[in-house]
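The structure that follows is given in the form of structure tokens.
Per-chain numbering from 1; labels A, B, C, D and E assigned in written order.
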Amino acid sequence: HVNPVIDIIKNLKVAEDRKIWINVDGLHQTELIESLGQVFGVHPLVLEDILDTTQRPKTESYDDYIYITIRTMFYERLENAVDSDQISIILGNNFILSFQEMETDLFKKIRQRMERPAGNIRKKGVDYLTYSLIDSIVDNYYLLLEDIGEEIERLEDELIKEPAPATLQSIHELKREMIILRRSLWPLREIIASLQRDESGLIRESTGIYLRDLYDHSIQVIETVETYREMLSGMLDLYISTVSNRMNEVMKVLTIIATIFIPLTFIAGIYGMNFEYMPELKWEWGYPAVMIFMATISVIMLYYFKKKTWL
Amino acid sequence: HVNPVIDIIKNLKVAEDRKIWINVDGLHQTELIESLGQVFGVHPLVLEDILDTTQRPKTESYDDYIYITIRTMFYERLENAVDSDQISIILGNNFILSFQEMETDLFKKIRQRMERPAGNIRKKGVDYLTYSLIDSIVDNYYLLLEDIGEEIERLEDELIKEPAPATLQSIHELKREMIILRRSLWPLREIIASLQRDESGLIRESTGIYLRDLYDHSIQVIETVETYREMLSGMLDLYISTVSNRMNEVMKVLTIIATIFIPLTFIAGIYGMNFEYMPELKWEWGYPAVMIFMATISVIMLYYFKKKTWL
Amino acid sequence: HVNPVIDIIKNLKVAEDRKIWINVDGLHQTELIESLGQVFGVHPLVLEDILDTTQRPKTESYDDYIYITIRTMFYERLENAVDSDQISIILGNNFILSFQEMETDLFKKIRQRMERPAGNIRKKGVDYLTYSLIDSIVDNYYLLLEDIGEEIERLEDELIKEPAPATLQSIHELKREMIILRRSLWPLREIIASLQRDESGLIRESTGIYLRDLYDHSIQVIETVETYREMLSGMLDLYISTVSNRMNEVMKVLTIIATIFIPLTFIAGIYGMNFEYMPELKWEWGYPAVMIFMATISVIMLYYFKKKTWL
Amino acid sequence: HVNPVIDIIKNLKVAEDRKIWINVDGLHQTELIESLGQVFGVHPLVLEDILDTTQRPKTESYDDYIYITIRTMFYERLENAVDSDQISIILGNNFILSFQEMETDLFKKIRQRMERPAGNIRKKGVDYLTYSLIDSIVDNYYLLLEDIGEEIERLEDELIKEPAPATLQSIHELKREMIILRRSLWPLREIIASLQRDESGLIRESTGIYLRDLYDHSIQVIETVETYREMLSGMLDLYISTVSNRMNEVMKVLTIIATIFIPLTFIAGIYGMNFEYMPELKWEWGYPAVMIFMATISVIMLYYFKKKTWL
Amino acid sequence: HVNPVIDIIKNLKVAEDRKIWINVDGLHQTELIESLGQVFGVHPLVLEDILDTTQRPKTESYDDYIYITIRTMFYERLENAVDSDQISIILGNNFILSFQEMETDLFKKIRQRMERPAGNIRKKGVDYLTYSLIDSIVDNYYLLLEDIGEEIERLEDELIKEPAPATLQSIHELKREMIILRRSLWPLREIIASLQRDESGLIRESTGIYLRDLYDHSIQVIETVETYREMLSGMLDLYISTVSNRMNEVMKVLTIIATIFIPLTFIAGIYGMNFEYMPELKWEWGYPAVMIFMATISVIMLYYFKKKTWL
């Protein structure tokens, strides 16, 4: 069932001045991908890398094409987790092959812009299209970080108002997501930088200015991730300090209650003893005297706590 | 309503040896800004960047102008927060365009110096004026850091005298502000460094010596921020240690009280039992003997605590 | 008993266009290894390094061979520890000598691929074989990290459900293994990079593309180790916070119980005193009145705890 | 009142082969400093920098002189704080101008060495004198660090013997001083390095060997500061651990006492109840039986604590 | 008394093709050292550095000799401290001067190897001897780290089995020793690297291969120190967590005992009150009913603790 598609592509390729963009959603169609590779002369090692979805983002220059593999990420707010999707792009002289692990809306806007006949994007060549594809991936990171930023703000509010173990768990999870995000963003920056320095001639100078802009965006995304990481670390520290503070407060209440009543209970215990010869028990004013003595002790204790600023 | 302004500018521009500085306060007048861009031949990407107020500070060289975008910051002491304002500068051959997100007093002094006919600043050209604009932004950081420095000192005093959870909260907030400050200061330093290395010819050698000075100032600002960060981290550690110390003290008081009175209460409890055959209860000296025994235990306990330096 | 083996090798070496791979399992046969060294003209310092199993992974270029020493690692899940095994490779013009500290299955697959007469590996020369050997070592690290990744996930689950001191111990042990792993992985990356830059002519250009792939894999392994380290650090922090949380909870229960019952016990103690003149004791409603008073105090206390969100 | 001094200096300057060193103590004589600047042709920006005592240490090359500004520090043991003093040096072809913020003994020894007619220092020229001035500043750092080293040792002893909150406060203060010290030492090293690389011809090759030595000293000073910082961080950690340990010990004492006596008090409370039908109370051996029972419980408890190594 | 020694040395020096190694143990013989300096034409600054035993390890190239100063260290297990000893080496064209702060066995083996007439070391020249001297210093670091490694293992065992404050103290001390070790090892590596790059011609190419080996060893020593530091940091964290865990356990025992017995004691206290009108006291089944009620409360409490996994 692959052949007819491949045949059409072969025919398209014959017309030399045509520019072709082929996008493959889903990597299960290995046969189709291999045929595509053969038609466009892609090295078997590259095809292997495209099909292996645990690739580190990277770019590799070959004789007549550039191979780029990037990771795009989606934030699942309910699970407080980040999902990722590998996207591979092969930029040739007048063709682009793009491979997505899953079917997403990522390139939808680009497709819409290309359908308009007067679209700028149609005129600007395959290197500009490559830029547009990577740009839409970087934009997706912006959206992702905006969502995470909102979540961080929500957690920060929670932390100040009423910190719960679940807050701690969420901060910890977000921090781990930041580690994962960073791990795929640093190579992304390297990829864009290496496209800027490209010497193969596949990327024209006029596209360079857009790549410089893209590079700035990728740095901004990385800096945001680093800022979030530091903020989350600060929040963890604050959480621990807050728990420590609360424990201190709990301890103070316990200590105040215990320190006032334990001595008083002891005094009551003394006059609860059953010795036959306890003269105080027979005094008419014994009971009120003991009560006043106890009240005095309480007042002294409370004054002592007041001075220690425990109250 | 824009046209008359633009027409005047066009007329000014015709006279080639004139130097023009146009400052736009507020970025809502997009139409005006676009017209300005057309008059001075600014790339559409640059105009987009000027209108987007979430830009990372950066500088970009174009064929006949340099585009600079910087962030200036204001410290709101009441909210213990830092507000920021994006400023874009376009330095051409004999013109400067500056765009401010909000109307501020930042360039007021420069305007006053320019109004004086004998002013040095009028003679020195647009590159010197660019230096002056950036210099006033860096000076503003100095003021900001002075305010924050005072706040840090106040918090440090509070920390030693009477640490409260609110102190912790303030330290945490200031630390976060430092992260944000740093994030806009590092690129500022890069911007000044890249202006120093400028090869476009738009910045004359005589301005270089001022830029070197400015570069030193930017480093000093960054180092101050780093120092403040370390100081705030140290204060957080101190806070936690102090809370820990206080808890220790609270625990000691509780333990001393409990350890002395719990055994005594037990002894009183023994002689409060109602057994018929308890010979001690009948002894004439039973009561004073028990009291002396209790006093002895207390003294031994207090001596033990003294030896352990808990008192 | 060594001579016959050495003689065969000498004979093989005479035929100049033959490619030889000799693998030595176990380093106790020092005599054999020295003879091999003499036959292939290996420097005595290199032979010393091969026999010393505490070498840091490194590569050294000599006039007509490259000496590589790497460390492969095995994860013992039961002991939660990582064992290591030193592998030395000498790549000459048309020979490879490999030395393993212990007999392992590491090169089994390569041997199987070589036994097949049509095997690709037989045609590609000794530099490709060197790549294959190192590749199998790097692949082994992948397996190791997968095992450790599973263990980390198991510990994370344990941490959330029911953290025990044993969990802490395991996290600590894994973190230490990460330090050891990293220590042998960073030089491994350097080795591959220096093979890529090789100028001796022993590594052909066609093998370079495979080394680039291998280099990417080595970076990915290192990044995984770094990610695991950060995750384990995060888990340690979470453990401490969780223990702190639990202690807080324990303290609250103690404080609530003590704060409610210590004052009540004191009141009961008062009416347990044996004074002759205590009018309350004679009142008919004394007992129920005291009971109601006690209940009131309890309710007030519980309301206070509710307000403090301790309940 | 300035003129006569300036006139003398002018006259001195006429004699071309004379070498002049002018040292100004205190920066309040702005008029004198400005006159000096005019006589020796110093740039107004440099004069401004000399008078601004919050300068970051730096060196700047001008056409015919080098401007150096350094910070010297003094340790006030009583206040446990570090005071600083800005020193500016202008090295010309055959003159040195030095400016000190306050009058100190720093250059006293150099002055004494210069007064001796046979002094080596008189022959070696103004670049060697500049070296001597900076050397005396670096030597002053050695003295400062020796004082701080002694203070650290004293605090470490205190920490082991009897840690008090004041110890914590002192460690924290010293750590902050280290941050400040480091901030002025790193640029000092840069200054010496840039003097070594000097291309203006004002520093002769024969002085280079002394600057190399000075550079080594500056590195040693920086490393000492870094070592002290790490030691102080370690001491803070140790302090927290020690406090934690002590709290643990306090808790154990409380728990042992409470765990033994609370159950015993309960048993005593039982037989203190006033029920009419309590057969035990009438038994002849009831009292001793209860006492033996209580002793048994105590022994069991103590054995349990022994086994848990709490005793 | 120095002269005769110096005379012999002078005579030896006349014979140009002789190689001389002079080793001075102890730096108190300043007169001898100065005479030696004069005979071999050593710069006065170098002699000063040799006599100053607080030098940072470094190497300096002079016109016809290389000056090297290194620090060797000895681990005193009893005091858990590291002692250090400064060693200076001057490598000339055909002579080596070595100066040791104290008399040690460090160079004993080299002396023995040189006494054997057929010794390899005698033939290989003074640069190889320099290598041998530094090699014996690096080997000494290996021994030192082996001792420390054993101590770390011992402490780790102690930490798991029975952590005591003394364990904490030892870990802290070892960590500080690591800071000191590192401080002298980093420059050692630099020294060896700079000897490898030597351009003076004093170090022949044939010695380069040995220096490369030595460089690897120095890196391995540094990495071991870094690994130990990280392990010790991990152990400190583990210690704090363990203490925290134990405190948690102590708190649980206290809370369980207090939470069960405080309410029971309160109930006993109620029926110990002396009100005249307490109907329960007259009931025949009052006493057993209260006992059963108390038992029920205990069982409920124990079940609650079981559910909370506190038991």
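The definition used in the following text is that a residue touches a chain if its C-beta (ideal position, glycine included) is under 8 Å from a C-beta of that chain, and two chains touch if they have at least 3 such contacts.
Just so it is clear, the structure is predicted and the values come from calculations on it, not from any experiment.
Peer 1: For the two copies subunit A and subunit B, what rotation in degrees overlays their C-alpha atoms? Round to the nearest 5.
Peer 2: 70
Peer 1: With centres defined as the mean C-alpha position, give me the subunit C-subunit D separation in Å.
Peer 2: The answer is 40 Å.
Peer 1: Measuring centre to centre with CA averages, how many angstrom lie between subunit C and subunit E?
Peer 2: Inter-chain centre distance comes to 24 Å.
Peer 1: Enumerate the residues of subunit D that touch no fewer than two other chains.
Peer 2: Answer for subunit D, listing residues that touch two or more other chains: 240, 244, 247, 251, 254, 258, 262, 265, 269, 272-274, 278.
Peer 1: Report the topology of the inter-chain touch graph, choosing from line, ring, star, complete and other.
Peer 2: Graph shape here is a ring: one loop, exactly two partners per chain.
Peer 1: Counting contacts the way the document defines them, list the chains around the ring, subunit A then subunit B and the rest.
Peer 2: Order around the closed ring, subunit A first, subunit B second: A, B, D, E, C.
Peer 1: Under the definition above, what is the set of subunit A residues touching subunit B in their complex?
Peer 2: Per the touch definition, subunit A meets subunit B at residues 160, 209-210, 212-213, 216, 219-220, 223, 227, 230-231, 234, 237-238, 240-242, 244-245, 247-248, 251-252, 254-255, 258-259, 262-263, 265-266, 269-270, 272-278, 309-310.
Peer 1: Where on subunit B is subunit A touching in the complex?
Peer 2: 43, 45, 49, 56, 58, 60, 162, 165, 168-169, 172, 175-176, 179-180, 183, 236, 239-240, 243-244, 246-247, 250-251, 253-254, 257-258, 261-262, 264-265, 268-269, 271-274, 278, 280-287, 290-291
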